[in-house]
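Each of the next two complexes has chain A plus one more chain, namely chain B in the first and chain C in the second.
Then we have the complex of A and B:
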């Protein structure tokens, strides 16, 4: 067996850093189907998982891959898959099953330009709303957006910890640029990496209720074969896990799967500010576009424009409060993203009508340059 | 809160271009990693991706800086390294006016170039030493000598770490050939410059 945590400094791509983050988080099962620009994640874990006692399986397609990930999670393994837009679309049905059955797992989407096959395989950030609402029905989800290879490492650990703590699929919404670019990545010593595991049931196995929530609203989770009576279904189910097809049971189940997220926003949501203290205009961005925006803020400051950046690390649940607080004191907002305005809709919703919020979007196939953002900033404010 | 950037920054943008299969991406990775892990600068590395990496025009972009690099793409390179005519034609107009152009002299006709040019027959030198696959490493040695964007020690260590196992020694020899050629080129230019100065005064 080799080390699961490769402590030291590495010069690796975001995809490889994501794979190493998964191993460090305790992931021991990966099922996937190759797709550029996410293939390097599968390629790397295919080599590394067997070295640490884990399993890699290439499935016949992304639908099956997502099903295998859910199955492995119920067998007690921390599990993941990685894909890009077309595969993400195929995974949606089983991501919904994972939400309904409260199955911890991690799904990485290294975004490329769509719709459909789009521009294989140039970068984009066009799947942000699909991440929020891609599966049918109403639910809460957690999605994170890394801006660098280093963050691909750390946020993959965070994704596993959140998925285990709150029992749901957690999405890592990366992009082709962050996935493929190489940069220095520091991997800390094993003992400095904090990992979480799903809450485990206690007490009599025959009286166990599969979905009876604990104090934070999350039900403890056994693995199959341990002797607990479990029934896992995508039908509306009661606390025992049995299908009960009534509006009352639906209400109870929905309160649980949405409440466990809505009640723990403070624990889940992460943002990062840059030059916000005296900022008059605030850029809001994430992923690779946040790098562009950082450079644009410096450029604007050089020209005497008081700009700052709010970088969204957590995308879903949406960081409403930090934006609302800024809206009380700044002159305007500008959302920077490689789509035609998805997160911008959320920004507008939080900012309200009193403060102007404009979009610097891009249809995909290239990234937005800092000069372009600065020019737009000058024009708008 | 992130640290604010110091405006007095050293930043070099390096674009390496050639055919897929010439080791362009490997050269970029070695350069980026040497700068980052050995010289302890910040560096980013991105490669052109797609059918290019299997034969067409191919490129690697490396940025080396003493500050955090926000934006990993290059629009105006400080240093342009060309291993193919197609790559030269595609990127020659992007180089900064005070930039440096390094070319594989047998494969490129640097017409219309208005910047300082450094030439090396890297492929011929690689073939003469028995392996034309190492032209990229010879070019890397040449680049290290004439541009000093990475230290010699950092480049050598990283070549050893990244080339396939069992080929380290041959690659170091190839690197040194390129380095020696680069040092000789610089010395020749210094002499010439000194001679000219002498004549004028």
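Then we have the complex of A and C:
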């Protein structure tokens, strides 16, 4: 067996950093299907997982990959998959099953340009609303957006920790640029990496209720083969896990699967401010676009414009409070994202009508350069 | 009732009660349906196999047969339509100690889930797939399936089925299954024996169980449940070892039943451990 945490300095791509982050978080099962620009994650874990006692399997499609990830999670393994737009669409069905059955796992979407086959080798941030609402029905989800290979490493660990703590699929919404860029990534010593595991059941097995929530709203989770004789279904189910097809049970189940996220927003949501203290104009961005926005802030400051950046690390649940607080004191907002306005809709919702909020977006295939952001900033404010 | 008599009644409970979620009964299956018979043969096999129940897990997809996982008192999963096999693949590869049974229907396993079935058989994932074939989509009211005989009437083939059905054992065999059998719900002992053999066998095992669907299929094809059973009695020919390419379901020439394939081949996990963990 080789080390699961490769402590040291590495010059690696975002995709590889994500794979190493998964191993460091304790991931021991990966089911995937090749797709540009996420393939390198699968390729890396195909080599690394057997070295650390884990299992890799390339399935027949993304539907199967997602199903296998859920199965492996119920067998007690921290599990994940990685894909891009077309595969993400296929995974939606079983992401929904994972949400409904409260199954911890991590799904990485290294976004490329869509719709459809789009620009397979070129980055975009066009799946952000699909991440929120892509599976049918109403639910809460957690999605994170890394801006660098280093963050691909750390946020993959965070994603596993959140998925285990809150028992749901957690999405890493990366993009082709961050996935394919290589930078220095520091992997800390094993003992400095904090990992979480799903809450475990205590007490008598025959009285165990599969979905009876603990203090934070999350139910303890047994594994298959432990003698709990659990029943897990994608039908609307009661606390025992049995299907009960009534509006009342639907309401109880929905209160649990949405409540466990809504009640823990403070623990889940992460944002990062840059030169916000005296900012009059705030850029809101995430992923690779937050990097170009950061350079745009410096450029604007050089020209005497008091700009700042709010970088969204957590995309879903949406960081409403930091934006609402800023809206009380700044002159305007600008959302920077590689789509035609998705997260911008959320920004507008939080800002309200008091403060202007404009979008700098384009439909994909390239980054949004700092110059472009600065020019748009000048024009708008 | 005296205390003595009630205890006697307790003792005389059904020997498979422990494997049944009695609090989930009554089940949803219609009078005359064969799924329950296939299900109880499967439970008998779990019992007779001697495998520790805590290590047996049942996975179903969607449909009438897909409800089986909801009635078995084991770790059990009712997954999405067609996806029972890849879900079960994840379970098995992540915990190889488990004995994984996929219990589902023909629409679930061979139409929407057909791709998963052939690949699990190709990989030789160690699991037992029991497919109740009732020749149509029963849960949704009787639509044409990949198994519906030519010319048969369903709600979506009101003029008769213009398509040709799959031969399920042939597909399973051609895809690499190491155990292939076909029975009808009249052959309860044979089903139980096959399921037991499959459970104890390492590799991808496939058992097709022909079943009447009197409410949706039979009604539209002038075939009561008893008439279907009569066909199963009179027209079936047991040919153990028959080549799966020759096992048609033809009421005129006969319906071929039996254990067709029972061979050994390294499983998915055995090959992974040998090739990928060799260093």
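By our rule, the second predicted complex is superposed on the first by the 381 of 381 C-alpha atoms of A that agree within 3 Å, B and C clash if a C-alpha of one lies under 4 Å from a C-alpha of the other, contacts with A are read in each partner's own complex, and residues count from 1 in each chain.
To be clear about the criterion, a contact is a pair of C-beta atoms (placed from the backbone, for glycine too) under 8 Å apart; a residue touches a chain by one contact, two chains touch by 3 or more.
These figures come from a predicted structure and were not determined experimentally.
Undergrad: Look at where chain B and chain C land on chain A after superposing the complexes, then choose clash or fit.
TA: After superposition on chain A, chain B vs chain C: fit, no clash.
Undergrad: Can A:41 be said to touch chain B (first), chain C (second), both, or neither?
TA: A:41: touches no partner chain.
Undergrad: Please indicate which partner A:261 is in contact with in the superposed arrangement: first for chain B, second for chain C, both, or neither.
TA: neither
Undergrad: Counting touched residues of chain A, say whether chain B or chain C comes out ahead.
TA: Of chain B and chain C, more residues of chain A lie in contact with C.
Undergrad: For A:330 in the superposed arrangement: first (chain B), second (chain C), both or neither?
TA: neither
Undergrad: Once chain A of both complexes is superposed, is A:294 in touch with chain B (first), chain C (second), both, or neither?
TA: So A:294 only meets chain B here.
Undergrad: Is A:242 contacted by the first partner chain B, the second partner chain C, both or neither?
TA: second
Undergrad: Would you give the minimum C-alpha distance from chain B to chain C, in Å, for the three-chain superposition?
TA: After superposing on chain A, chain B and chain C come no closer than 18 Å at C-alpha.
Undergrad: Going by the contact rule at the top, pick out the chain A residues touching chain B in the complex.
TA: That would be residues 9-11, 36-37, 120-121, 176-177, 180-184, 272-277, 291-292, 294-295, 298, 302, 367, 369-370 of chain A.
Undergrad: Can you name the residues of chain A that touch chain C in the complex?
TA: By the definition above, chain A touches chain C via 28-29, 31, 50-51, 55-57, 59-61, 63-65, 67-77, 79, 93-94, 96-97, 223-235, 242-243.
Undergrad: Within the complex, which stretch of chain C touches chain A?
TA: Residues 21, 23-24, 53-55, 57, 59, 69-70, 73-80, 82-83, 85-95, 97-98, 115-116, 119, 272, 276-277, 279.
Undergrad: Which of the residues in chain B end up touching chain A in this complex?
TA: 1-2, 4-5, 7, 29, 32-33, 36-37, 42-47, 49-50, 69-73, 75
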